[in-house]
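Naming follows writing order (A, B, C and D), and every chain is counted from residue 1.
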Amino acid sequence: MTDMSIGNASLLRLAEEEAPATKVRSYWQMVGYRLRYDYVTLFFAALIIAIVLMSIFAPWIAPKDPYKTSMAFRLKPIAFRDFWLGTDELGRDILSRLIYGGRMSLLMGLVPVVIATFIGGTLGVIAGFIGGSVNMMIMRTMDVFYAFPSILLAVAISGAMGGGMVNGMVALTLVFIPPLCRIAETATTQVRNLDFVEAARASGGSTLSIVGTHILGNVLGPIFIYASGLVSVSILIASGLSFLGLGVEPPNPDWGLMLSTLRQSIYVNPIVCALPGAMIFITSLSFNLVSDGLRQAMDVRM
Amino acid sequence: MKGLFRTTKAACLAFVTLGATLGLTPAKAESTLRVAMTAGDIPDVTGQPDQGFEGYRFVGYTLYDSLILWDLSKSDKEASLMPGLATKWYIDPANSKRWIFELRDNVAFHDGCKFDAETVVWNVKRLTDEKVSYFNPKQYAAMRTRTVNIDHAEVVDPLKVAILTKEPDSLFYIQMSFWMMISKCQFEKAGSYEAYAKMPSGTGPYKFDKMVPRERLELVQNTKYWNPARVPKHERLVLLPMPEATTRAAALLSGQVDFIEAPSPDTIPRLKSSGMTVITLPYPHNWHYQFNFVEGPFKDLKVRQAANYAMNRDEMVEMLGGLAQPGYATVPPSSPYFGKPVTYKYDMAKATALLKEAKCYPCEVTLAISTSGSGQMQPLPMNELVKAQMEAVGFKVKLEVMDWNALLDVTFKGREKFPNYHAVNVSRATQDPFSGIFRFAMKKQNAPAGGNWGHYYSAEIEKLIVDIYNEFDEVKRDAMIIRVHEVMNADAAMLFVTHDLNPRALSPKLKGFVQAQSWFQDLTPITVGTTN
Amino acid sequence: MTKISPVSTLSAAPVSALQPLVEVENLTVKFVSREATVNAVNGVSFVINPGEVLCIIGESGSGKSVTMRALMRLLPMNKTRIGGHMRVGEHEILKLTDRQLSTIRGSTISMIFQEPMTALDPVYTIGHQIAETVVRHEGCSYADGMKRALELLEFVKVPSAERRLKAFPHELSGGLRQRAMIAMALSCRPSLLLADEPTTALDATVQIQVLVLLRKLQVDMGMSMIFVTHDLGVAAQIADRVAVMYAGRIIESGPVKDVLMNPQHPYTRGMLASSVHSATRGEDIEAIPGSPPDMRRLSSGCAFAPRCAYADDACRAAIPPETVPGPGRTVCCFKAGATALAS
Amino acid sequence: MWHYIARRILYAIPIGIGVTVFCFALVFLAPGNPVQMLLPADASQETIDLIMKTYGFDKPLPLQYLTWLERAIVGDLGMSIQTNRPVLDEVLKALSNTIFLSAGAVMLAFTIAFIFGTTAAYYRGSLIDRGVTALSIIGVSVPSYWLGIVLVIIFAVDLNWLPATGMGPKGSETFNIFSWDHFKYIIMPVITMSMVPVGIITRTTRSAVAEVLGNDFVNTLRAKGLSEFAVIRHAIKNAMPQILAVMGLQFGYLMGGSILVETIFNWPGSGFLLSKAILTRDIPVLQGAILILALCFVFTNLVVDLVQTSVDPRIKRA
């Protein structure tokens, strides 16, 4: 949310044109500079880190055993005895389950994106760099998967293969490969046609070093930004799958699954039942805002 | 401006009055009963309904009759059989494989055709004879377990039919209570089941009016029903599929429906506080696990008993908001086949001791469960509770969670294909002795041929069952059935957990509903009031 | 409802002959952002008489484009601080309301931009964009506006004007686009035309054509013009007077001949020397060493001092005041007229 | 132009074939056999075989695919195993119900996004801009099914203003959008469904309009003396192709992604049909629904592409 957003490009250009800086910051310094003053992004980045740490250190943080059931204490409201956020339909501590739930939800959010970034990015760079029939084959295959809206594809795959966390992850990975592949391909093709790659070639750089230095350097940015935006999509679709009974298996604490099972109890204890939804919302919001901040700082338009 | 405002207000008032007048002339308004079913779709209306027993409940016994009906007029004891389209049935004294059904006279289908012996034979062939043009493969498959023993049917006279079985079967007549009699001449008019589905015709208390697939089925009262006592007290019955429990509750609370099936326990307080009537009653339903008798720790009787002792069934009932009763045997105590089985009351110490005795401590077991499914109640929290209770006495439980289809696959194929599962959680209807008891205990029913998933074997039961099928004296026969039930308990043949109480919620404007101890219910006595 | 030929109607707006059309006094423009304050214009003053062409010369970043935009208040309000005072005709530019401002934009003052490709809206036809201006200022119907647009295109000598009327900007060549731009700028007979390097983006041959056309129209219509360029050759052709800008200040000004023939400021001289026109064959082109100053931190002395061969401590200590070396001329340099500078 | 259309359509054909292969293959990834739901819990192998044969599941896969494809091309997607109704009828009926929702959601989203996005772009950097950006991010971050549940509880159960489920008082066949009694059924599902498109279209509108406003020609427009309103009109026309493209894509996404919202509201659309087909493993319906939805999506993309070409003079028509 800096003033250096897209809309002000013209003014920036004018100012820079009129006043060439003697001290030219490097690109990454500039990005860092912009981020440093982007308090919103910094705040939500900190929130993500907090959620990640909370998940990693769940066993030390969680006040109670997230699997311990108790019929006597089911569906208790917030701040009931030492159940700070109440209990679920089996009398398990909601706070502990929310803390542990971060593990599953982040896993479902991050793993498919990371794998898809790796696979899709690699395929895209290959397609973009080699071009010709290889490009044709890879990109046309991607087009087929592009023909499915993401939720439909995820539901179709995990619906067919049966529920479960692993199947859910596989489904989400397959959903994310095509767009990442396409971005990598576009970026690679663009970079490949730029003069400096030609120059590097002319000066006798090996293919590998060209890919390594120039193409990757220019392709990673857009991919990284796009992928960071996908994390929240992944979290949301994964929670949707859990909601449909196609995601994480019980009794594992997962926000989507908790939301799904607590839905039955919404008339008894609406606030407690809304908590997992709120967690999904906050996490997804944080990833979205950070991704947005990164995009603005890096001024990459998509 | 002020003047304008006044005129508008006056106009509004006029409108309100007009609306009120229209609303206050309900003399013509039809009384409509709107029911939210748990099914995801309208059950098949062409004869044997799908969507489990719910289909039979709302589409089967409403549009159609069977030769023998269930008496659903009482709620104090488990529903028993009563004459339907047949007035009498008995085994041919000369031939223990020939059942004779005497038919009711002067019964007409909704289309006007007469019901007679020829129609019955036609209906039998519809589900047993692959060679006739009106053979229905889908319904054949669904009915296979009930029809497998039929050899053929024959007309004795216009009001008498004989059905011949391959083996003597003293329980055969019960199967005929599931056999919907559809109109032969209406089917011939339609030409195919697809066409017939748009104009089904039976002899039941309701007539088909219209259907929007996946959304609603509208039936209207059959004022000429052969049993005047069961002519519906409301003019129209609308059936709406709503698989989501929360959706059903919301629909009832917002006044979109009048009658919902299976509200989830935690919505009950809210439904009650909004004035809804919540009805619960035992019925022949069993929520249990079938053990693997060949692989794993449950081979050992002591381990099976330990698991049964570990169940704190009262806690389960509490979790289910009182919408279930503790399950100590295959059938609930209200069943005529209950007898005096050994009961495994909650006893943690004894359970632990048994496990130690069996040298299986901690005892690692894997249970196959589903996320949802017909009659599964609330499989996830219930299984989690079972797991917690078993682990409290020294089991180490791994839950293999799968969707309903995958679990059915596991159930069909049996333990041979899935030796790693030590028990499966598929709940069953226990309405008749075969499907409720025998098929879990007979060697002949060993999966994949039948319902005996874990290949349970008891020599005594094998012998008893042979005798039962050949015993046409009901009292003697039932004594033996009770014995089978008791033997299964002695062997701890299952992990008994609970019996559903079949909750339903009704809008306060409905009167006259009598909930029967059955999977089926009679909606005909319900009157729909105008008060909200 | 204008149906008369544009040539006859296009005449300079009535301005008192006694006073200059444009008066700019001590104009300052600052761009303020969180990161830095850019002092783009630092006290510029000039006057233009009716029918006169002033050429502002300077390299990129010298503040010439900003000066022009400030005259029309086209700089983003919330990030710009404008000081001093500007008058065009009877309008005090800095005192106008937004509504008044938009009324004089396009009618009293109009502007031609450097890059006709990006300065025209790509999704409207040329005809529409001209007609729109006419409709806005003359309140005529759209159909009349289109008729006027056609006349204007013919007026700026666009071949097959009728067809070009319906063309989108990307369908025209650079020269034609710039002519369309000019037609648009002239559509409401402005008394002042601001031209921001209007020929820089064009091919050399087209440049001359456009330049000649502009000069002819300016003379015909008797309007005043401020012409921004970094090309001395262009300035020589079109200007009556020139002003040389460096680091947001006018460092030298005067009648075009005097300044170009006898430059007084070392920067002007350097520029002339590095201009291809003045270089003799075989001789090395003399370039001004160093690079323009950082407008975020200007030194207290002469901004050109770090690059100036003649600079001494006095130059670095204070900003040189304006001196008048000859009639109608100004220069800001301590060394102006000194022997060291005499060639 | 026609040449371009023809080429785009030709290009869609291999994608279509790929889609059919995928749809067909999907089903066989599934554990269990496709006719399971038809059978009683303890059906014998003999019964299973008979049913498999009746539905043609006993033949080799490639042959099954070709048979299926051959009939699919002439519009015969087979019969639903569950209901015995033609799959094509089922899917088209459901799809038309979903289009109500998707179109409604996209139109609502467009209206909101258009107003907010343009305002934010015009006042970029201001508090309004921040507010709108926050709103759009909230839109894409809310789990929509969760919102749906909350809406039902508030507006149907507690306030009793709107119906909780279903499509019209008498089902979809008599649905009449111009009658309030029917229209009120569509309100909550449409609002729930529009959350994501509101977020995405607002973001697109904001960035597209802002980008246009940063262009040089905006200076020209102001220099011509045009009012700010006219300047914004120019900016919108420039940004429109991009906004339309995103809108079209969102429409396509909603048609395929309505499964969660339709489940909550019991809306008889394609998502509901699909989830039912998955739960009951109704192979022909699953295949047919996914196929038609994917083809719709391909078709939507094609239309978006063509509309964009015709709206934007900058794109050269080959």
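Going forward, a residue touches a chain if its C-beta (ideal position, glycine included) is under 8 Å from a C-beta of that chain, and two chains touch if they have at least 3 such contacts.
These numbers were taken from a predicted model, which means no experiment stands behind them.
Asker: Just to be sure I understand: the centre of a chain is the mean of its C-alpha atoms, right? Then which chain's centre is nearest the mean of all of them?
Answerer: D
Asker: Count the touching C-beta pairs: is A-D or C-D ahead?
Answerer: The greater number of contacts lies at A-D.
Asker: Measuring centre to centre with CA averages, how many angstrom lie between chain A and chain D?
Answerer: Roughly 22 Å separates the two chain centres.
Asker: Can you work out the whole-Å distance between the CA centroids of chain B and chain C?
Answerer: Roughly 89 Å separates the two chain centres.
Asker: In whole angstrom, what separates the CA-based centres of chain C and chain D?
Answerer: Inter-chain centre distance comes to 53 Å.
Asker: Pull out every residue in chain A that's touching 2 or more other chains.
Answerer: 3, 8, 11, 162, 246, 263, 266-267
Asker: Two-or-more-chain contact residues of chain D, please, as numbers and ranges.
Answerer: 31, 125, 149, 153, 215-216, 219, 263
Asker: For chain C, give me the residues that contact two or more of the other chains.
Answerer: Where chain C is concerned, no single residue meets two or more other chains.
Asker: Within their complex, state which residues of chain B touch chain D.
Answerer: Listed in rising order, the residues are 40-42, 44, 46, 50, 130, 137-138, 140-145, 148, 193-194, 197, 212-216, 240, 242-244, 246-247, 250-251, 253-256, 372, 403-406, 408-409, 411-412, 426, 428, 439, 445, 447-451.
Asker: Flag every residue of chain A that touches chain D in the complex, lowest number first.
Answerer: 1, 3, 5-11, 140-141, 143-152, 155-157, 159-162, 232, 236, 239-240, 243-244, 246, 256, 259, 263, 266-267, 270, 274, 277, 280-281, 284-285, 288-289, 292, 301
Asker: Can you name the residues of chain D that touch chain C in the complex?
Answerer: Residues 125, 215-217, 219-228, 230, 234, 237-238, 312-314.
Asker: So in the complex, which bits of chain C are touching chain D?
Answerer: Of all residues in chain C, those touching chain D are 69, 72, 74, 78, 98, 102-107, 110-111, 113, 115, 118-124, 132-133, 136-137, 168, 170, 181, 184.
Asker: Mind pulling up the chain D residues that touch chain B in the complex?
Answerer: 31-33, 35-45, 47-48, 50-51, 54, 79, 81-86, 90, 93-94, 149, 152-153, 156-157, 160, 162-167, 170-173, 263-266, 268, 272-273, 276, 279-281
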